[in-house]
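Note that chain A is present in both complexes that follow, paired respectively with chain B and with chain C.
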Partner chain A sequence: MIVYLKSGGALRERLRPDVDHYTRRLEVDGTPSLKEILDGLEIPLVFVAFAFVNGKFEHLDYRPADGETVTLQPPVAGG
Partner chain B sequence: MALSEEELARYARQISLPGWGEEGQSRVSEARVLLAGAGGLGCAAATYLAAAGVGELVICDADRVEPSNLNRQTLYRDADVGKEKAPVAARRLSEINPHVAAKPLVARIDDGAPELAAGCDVIVDCLDNLEGRFALNRIAIATGIPLVFAAVGGLTAYVSFLRPPETPCLECFLPHLKAPEAPPVPGFFAGTIGSIEAAEAVKHILGVGETLSGRLLVIDEAEPRFDVVRIDRNPACHTCSSLHG
Partner chain C sequence: MDGFGGTILRINLESGEIKRTPTPEDLARGWMGARGFVAKTLYDEVPRDADPLGPENLLIMAPGVMTGAFAPCGSKIGFGCISPATNGHADSNMGGMLGAEVKYAGYDMVVFERVSPEPVYLYIDDDTVELRPAGDYWGMGSLDLEKKMKEDLGEDFQIATIGPAGENGVVFSCITHDFGRQAGRCGVGAVMGSKRLKAIAVRGTKSLPVHDLPAMTKATYDIIQRTKSHPLMEPWQKYGTALFVGWANEHGCFPTKNFQTTYHEHWESISGEKLAEEVLVTHKACFGCWMNCGKYSVAKIPGKPDTYVEGPEYETIALCGGSCGMKDIHHVAYANWLCDNLGLDTMSSGNTIGFAMECFEKGIITKDDLEGHELKWGDIDDFENVVRMIADRRGIGETLSYGTKGAAERLGQNTIAFASQAKGMEFSGYDTRWYWAQLLSYCTSDIGAHHNRSWAITADVQIGQDTPKGKAPVVIYLQHIRPLFDTWCCCRLFWGELDVTPEEHVDTIRQLTGWDVTLEECMQVSEKIWNITRAHYLERNGGPGRQFDVAPARHLDEKIPSGPAEGHAVGRENFEYMLDDYYYNRGWDKQGHPTREVLEILGIPYVADNLEKIGLLGKPFEDGVPKVRGEKLKPKAM
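On to the complex of A and B.
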């Protein structure tokens, strides 16, 4: 299935976007979790705080559906 | 509380906002807000809360002004470098609006004492570290006072209005990850996010509009992209689960 991962900030370079400045298109086997997808991309999980899909917050155990765009967000704590 | 002619003139441009009015201004003038942190977010949030006439601002910060603060912490000047932030901020806020009681509190929120928030209508998170935020979250839960959460790093920011059990608490959705220390924070971005925090606090005090209850505002200013994302309570959250019905 096809999954689109989108990210901004410090995550963007690690994601290596290929659709536009922020989005990477992935072809994955089965129904992996976001954690498993990120492991496959060798993106350390410490760089991803959470994700959201279709306007809903998701943790990294979320399993994207075919064609979904998942936006990944980095941890930030500054003020 | 009856407003003076001077106050009516000062607040005319907000009193005329539908849902605000003189009655709303009286509520704002009687409100008490705790600002946890007087840095980039805190200076902006405090400035606009003072300008709006929030009756009492408790400015809590244990740090001193450093040169690297001056790109974004707009309550401080070159001559303030080395001074404790809370008293300087309180003094500047009183100059912005003499009708506001700005009270400095040189203390760390990490101590977690609910007494810091005693009597407040809302707590505004302007901290610069995750563990302090979780301590503030516990204070908000212990006191039942709503918490405006925000965090910023680079050109990414998050904002929410937390009032468990109606909403998640911070630990329901934010993982205990280590965020970069001393991240880049342009002044215009800290100012934007601090202003949004002030808006959330005033909306709550007035009861107008909708706060970000049950939602997380996700901003990527680089793109730019603004998303409002639904966040749910975690029934297994070890911090607020005792509040769940």
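On to the complex of A and C.
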């Protein structure tokens, strides 16, 4: 199935976007979790704070559906 | 002068005299405002033996070069003084609307001198500048007073206030504005209180001269369009910084029960999602910002009044929440409101009260010290009792009003071992035992431990967590780039989050001022500020400098007992390695003293002369100082 991952900042560089400036198109087997997808991309989990799907927060054990777009939020200090 | 208000105000609170001088162009270009103006002015003018809470200290309020420009989020304004917490240079900044208002009134820096005989507030309405009586306001809470002054003066005045804690000299008192934006760190509120200055009210209606308005407007419009559709904009707008609570727990850096461990079993009950579900009222933005990352919340707790507060942000959740063992987001929001209205920094307050809770657990502080109350982990009533005692400096509150280091010195019994602070200022909301570069960041910071000087957690992972090698250069890079935003006075979140590059900010400064400035020049200004604040610290506190860059025993020796980072600690040998490497890469000698060569490269040879006179000038490097400082230290993929 196809999953679209989006991000920004240092995480965008690690994602290596190929659709537009922020988006990477991935073809994956089965219904892997985001953790498994990130492992496959060799992106350490510490560089991803959480996922955002359809305007909603999701943990990294979330399993995206075919064609879904997932925004990955890198950790940033603030406050 | 394009990009600046054009005038520096000096206000002698003792005599009431108000002086205006034109902002010198060499000061503007050489120090760029805010943190830079503060560093230079404090270094040049404050006697080295001045008591931080005495009349010879200065309180400085200064916007930066980008404040008030409709450039990406130029909302910030800096406050500075000698810190009563660290006895060194202090600067702390806030967002909101005040900075732009000061700039539109025509002012680039306001310097408060001496002590007023009676409580006063500063009233600025463009060219009208007056000290007005504030006796009726004295004793009021920060938030309560802002509301009252808006009623008295009008909504279009921007107000900064202190609370009772600042009046009473608590060393981690803050200055509050816009109902929840703070110059929170370093005790700037205590210095304002020591001068009997209760508030600042400003209305500015002038324009800001811009060198190339069409170019700046177009560039800003392009950045707005680009960032509005950035994929990370929506999560930020929805949750703000609080969403990192989960991440910090999952990666073993969330301060829990006074940094005893780094994973809070109940983190989900104080997380960003919980905040959005249970306490969030609306989103809130600073001047010129289209992100709205501020969260305005209501705490509803049976038996207590509903309280409205901006926050809690990540740092408040980590320190008032995690470090105090709280399990309810309403309790964290209420603690946030208590600190804000009393005029206390939520970060140092949470850290200090967590420290006191551990003292209570160990029997070092007892009910007798707490006017019959307990001080149990996660108990909001106990928190409220002790935070009010701190603000009033009553009973054990007097001891705790000095922060963790000062309290540990007074309590003895080796409590200093579990005081998570550097140079007298409390750690931010990140444990360091699995993130060694962050410990180096805290301990070498010029103002004491603060993540906004250098946040090195992900860089640490990138380099390799369990090694001291390669950490110092990245910390130095971060110590130049992150505080640069506090000098320019634009929000750094657009850089970190939404891919607005530092080079784009420099373009804005060029369009704004007409300067042919480069990022390299800005980084050198930041390095110059870092060196002058270091020299200032040494000139006030003596040497060798290395004795001040020390880490708490807990973070060096105690292995994390639970959670994802279980078993990790930095170790003394590793820390000393990082410190040696840090000094070398800064061009400082092994005692942490700046060398003449570096100070001359940075254009401040008079600082070298001053250090030489007191025997604290760094010994010269045999082969010259490293030539890789500043921007060139930037690691790949950052």
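Assorted remarks:
Keep in mind that, in the parts below, the second predicted complex is superposed on the first by the 78 of 79 C-alpha atoms of A that agree within 3 Å, B and C clash if a C-alpha of one lies under 4 Å from a C-alpha of the other, contacts with A are read in each partner's own complex, and residues count from 1 in each chain.
Going forward, a contact is a pair of C-beta atoms (placed from the backbone, for glycine too) under 8 Å apart; a residue touches a chain by one contact, two chains touch by 3 or more.
Being a predicted model, the structure only gives us computed values, none of them experimental.
Of the two partners chain B and chain C, it is C that touches the larger number of chain A residues. Of the two partner chains, neither chain B nor chain C is touched by A:G67. By the touch criterion stated above, A:P75 is placed in contact with chain B and with chain C alike.
Once the two complexes are overlaid on the shared chain, A:G30 sits clear of chain B and of chain C alike.
Residue contacts after overlaying the shared chain place A:P44 against chain C, while chain B stays out of touching range. Residues 8-10, 22, 46, 49-50, 52, 55, 57, 59, 71, 73-79 of chain A contact both chain B in one complex and chain C in the other. The touching residues of chain A, when paired with chain C in their complex, are 6-10, 12-14, 22-23, 44-47, 49-50, 52, 55, 57, 59, 71, 73-79. In the complex of the two chains, the chain C residues touching chain A come out as 230-232, 234-235, 238-244, 246-248, 250-251, 272-273, 293, 313-316, 428-430, 451-452, 455, 457-458, 461, 492-493, 496-499, 637-638. Chain B meets chain A in the complex at residues 37, 39-42, 125-130, 133, 150-158, 173-175, 177-180, 182-183, 185, 190, 216, 218, 220, 222-223, 225, 227-232.
Of all residues in chain A, only 8-10, 21-22, 46, 49-50, 52, 55-57, 59, 71, 73-79 touch chain B in the complex they form.
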